[in-house]
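Shared between the two complexes below is chain A, which pairs with chain B and chain C, respectively.
Right after this comes the complex of A and B.
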């Protein structure tokens, strides 16, 4: 695009992001502050993920962007078009064809490969934020690996509800050392992060934090021996493709209580329907 | 800048060569012990290897002071001209370029609260294979991985173990030979294998 550098950001900003990303990879799950720039879309629309993608993206890459699993929602379409215009890269909706996947709040159903990088958009990078609003304090808690408060929170839910009642942004331990917010992906997706073959990068624009999980790194959802982590999904079958194992969205179809359940991952659902006999 | 350094240009295509080189370093640190080709400048000033030149041009700038150790000190005008980076003492530098493994204690290892405030050591070695075999395990490695760079000191495994004990503080290593890089992030464990 005329008048802009490749992938929108200037080179000095990219170097700052790149140095931060390398440190993030070296310390899995540790949040690192960075100088988030003002982007041509508001905070909360994926500015952190976009800046990470811009720092990583090259001419040969094929980019896929999903929003809650869907390739065709406003956020996903806007970001895909942003990079198609500012970087001229190829884009795709096929998970298997993408080299970089930027995601808001889902991990694709298709298993990712070593050749892929997944970039998460993160609204709140601090897993301890709801327990301790002070950054100074949470930084010290991370330094000391002082995560007892989070276990107490989970215990209180077991005591009150009989189970751990967190359905998304379910806290994880990374590499046995750092407590990490997996971004608001459903807890259903947490097991996919564990020893994933692809490199996982996380960008929080408003909160100005970057973190990462290298391939084959242990990512364990917090739980108790007598209340083990369970990845839950709606107990239904996709109304479009008939998948019994994928993560489902509930869609209200009328004002008389009508509803249907369909795959949240649109590419997964479409591929299944295409290959169905 | 001295005339002999002036003759050595930076990246032919600064934007895309830096991007390709960054991806190589990113993959190298994300998958420790694997070898990745950078997009180096055509004719880096001796004794700088193409990969080391590419790493400097990709990551160093006015916000990231660099220390050029030993015989690389003479390249300060070239680095300053192409990157705008100021020279710094090893303990205050974001990057240290060396061809001998520095004593880790002289470099910044960060603090418990800010472990990222650490030095990355860009180590130029004769080759990234054919040396004594090291066995790596940790993040980025499925089970274990063998890595055999040449040019590391005989007591490397013991010195690395001391660095690993500081985790999450510590030094990250980017090894460069020819046009190839490999990474040893602070998170991994290294054992000598016979």
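Right after this comes the complex of A and C.
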């Protein structure tokens, strides 16, 4: 785009971001502060993910952007356009064809490969913030791997509800060392992070933190032996493609309790319908 | 399949932008607003946008106000997003506000002082009656002109400082922290705190400053001095080795004189809070000074009990571009998260029902 550098950010800023990313990859799950820039999109719309994508994007890359699993949600459209405009890169809705996937709130159903990078938009990178608002204190807790408070929180839910009741942004231990917020993906997606072949990068613009999970790293959802983690989904079948295992959106069809369930991952659903006999 | 066919986000966005542009223009029979009119006639709005946008450029601030239909937070955001793309050519010397060409200068703690009290173009003593004459666009009579202030107009801080009654300015040759380049970390130095407050939301600063007056971290403030006017901006180009003036900025500066502190070894001294804002902005500068002083609680050995005294609370919350983004992002789709919550709550209810059914007494035979 005229008057702006490739992928909007200047090269100095990209170098700063890449240094941060290298640190993040070196310490899986550890939040690295960075000098987040003010982007021309609002905080909360994915400014952290956009900066990370801008830092790793090359001219030969093919970019896919999803929000809620879908390529056609307005904010996904807007971010995809931003990069098409400022970087002129190829874009795709096909998970398998993308080299970089920027996402908000989902991990694609298609298994990712070593040739791919997934960039998560993160609203709140601190997994302990609901237990301890002071960042000085949470930094200390991470340094000492002092995560007892989080286990107590899960235990309280078991005591009250008979089970762990966290539905999304379900805390994970990365590489057996750092407690990490997986971003607000449904807990259903957590197992996909474990030993994922693709590089996972996380950008939180407003909170000015970047973190990462290198390929094949252990990512374990917190649980108890007698209350093991469960990845749950609506117990229905996709009304469009018939998938019984994908994560489903519940679509309200009338005001009398009418419902239909369809795949949240639009590319997954479309591919299944195309390849159906 | 109307519920599922959500394709067309792109067309919806284009249509929304076109509608927005038409709504911004309003009734085409009314003459279009010129940015020069905003710059000249809505100066206080321009000043606020420059402060919160952290960019001193009245022309661009006026453009941002026009583009945002007068939504000043949106305007500040536009200015910031532009600012972040600008190259950094030089750092200025610290501004010397003692040499300010004053349009306003008042002290609440001395009846008179060298250079005198100057009300300037203030609303302070206007009676807040709607002036229907402004509906008529009647010509405005020229304001009377006084002689320029002769002699120096030392800052009240310097006057009290001579007696040692007021703590001195902290001196530092260090490069100041820049939170637009580096992430804020806590504990934050005063330079970082002042920078954060200087571009913080005026309403938030006002509320926090007010909260200290209502007992949430009171620090017994007096307005030592409030001054506004033009100050020269100087840089020292490496190839010249001496200072050259590259322009002027209009500023409002507030020196708050606060509760004294002392110890067995240190004689009692008044402490200070400091506020500085682009343009004419008494409210912003004064609120900032109250909050700056409140944030010094720990440094001055005071109990930290109130929100205004908590640096992380204040600095992580005062930025209205961040705040509006995160509050408003709630209107983005969250249906995947909500779906997971629906599943959880249905599961919890099913479990509870099963437990309840199991614990019911056996029906009598």
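Everything that follows uses one rule, which is that the second predicted complex is superposed on the first by the 277 of 277 C-alpha atoms of A that agree within 3 Å, B and C clash if a C-alpha of one lies under 4 Å from a C-alpha of the other, contacts with A are read in each partner's own complex, and residues count from 1 in each chain.
The rule we apply is simple: contacts are C-beta pairs under 8 Å (C-beta built on N, C-alpha and C of every residue); 3 or more make two chains touch, one makes a residue touch a chain.
Quick caveat, the model's predicted, so the values are computed rather than measured.
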Overlay on chain A: chain C relative to chain B, clash or fit: fit
First (chain B), second (chain C), both or neither touched by A:217: first
First (chain B), second (chain C), both or neither touched by A:208: second
Chain C versus chain B, contacts on chain A by residue: C
Partner chain(s) touched by A:134 [first = chain B, second = chain C, both, neither]: second
First (chain B), second (chain C), both or neither touched by A:43: second
Which superposed partner A:120 touches (first chain B, second chain C, both, neither): neither
Computed vertex angle (chain A) for partners chain B and chain C, CA, steps of 10°: 90
Which of chain B and chain C A:167 touches, first, second, both or neither: second
Partner chain in contact with A:229 - chain B first, chain C second, else both or neither: neither
First (chain B), second (chain C), both or neither touched by A:199: first
After fitting on chain A: smallest Cα gap, chain B-chain C, Å: 10
Residues of chain A that lie at the interface with chain B and also at the interface with chain C: none
Residues of chain B defined as touching chain A within the complex: 14-16, 18-20, 22-23, 25-27, 29-31, 58-61, 63-64, 94, 111-116, 118, 120, 138-142, 167-168, 170, 172, 185-187
Residues of chain C that touch chain A when the two form their complex: 3-4, 6-10, 12-13, 77, 80-81, 83-85, 180-187, 312, 321-322, 324-329, 332-337, 339-344, 347-348, 351, 355
Chain B contact footprint on chain A (complex, rising order): 5-6, 11-12, 14-16, 18-28, 30, 32, 55-59, 114, 139-140, 142-144, 175, 177-178, 195, 199, 212-217
Residues on chain A engaged by chain C in the complex (per definition of touch): 4, 10, 33-40, 42-45, 47, 67-70, 72-78, 81, 104-106, 123, 133-136, 161-163, 165-169, 184-188, 206, 208-209, 232-234, 240, 247-253, 260, 262, 264
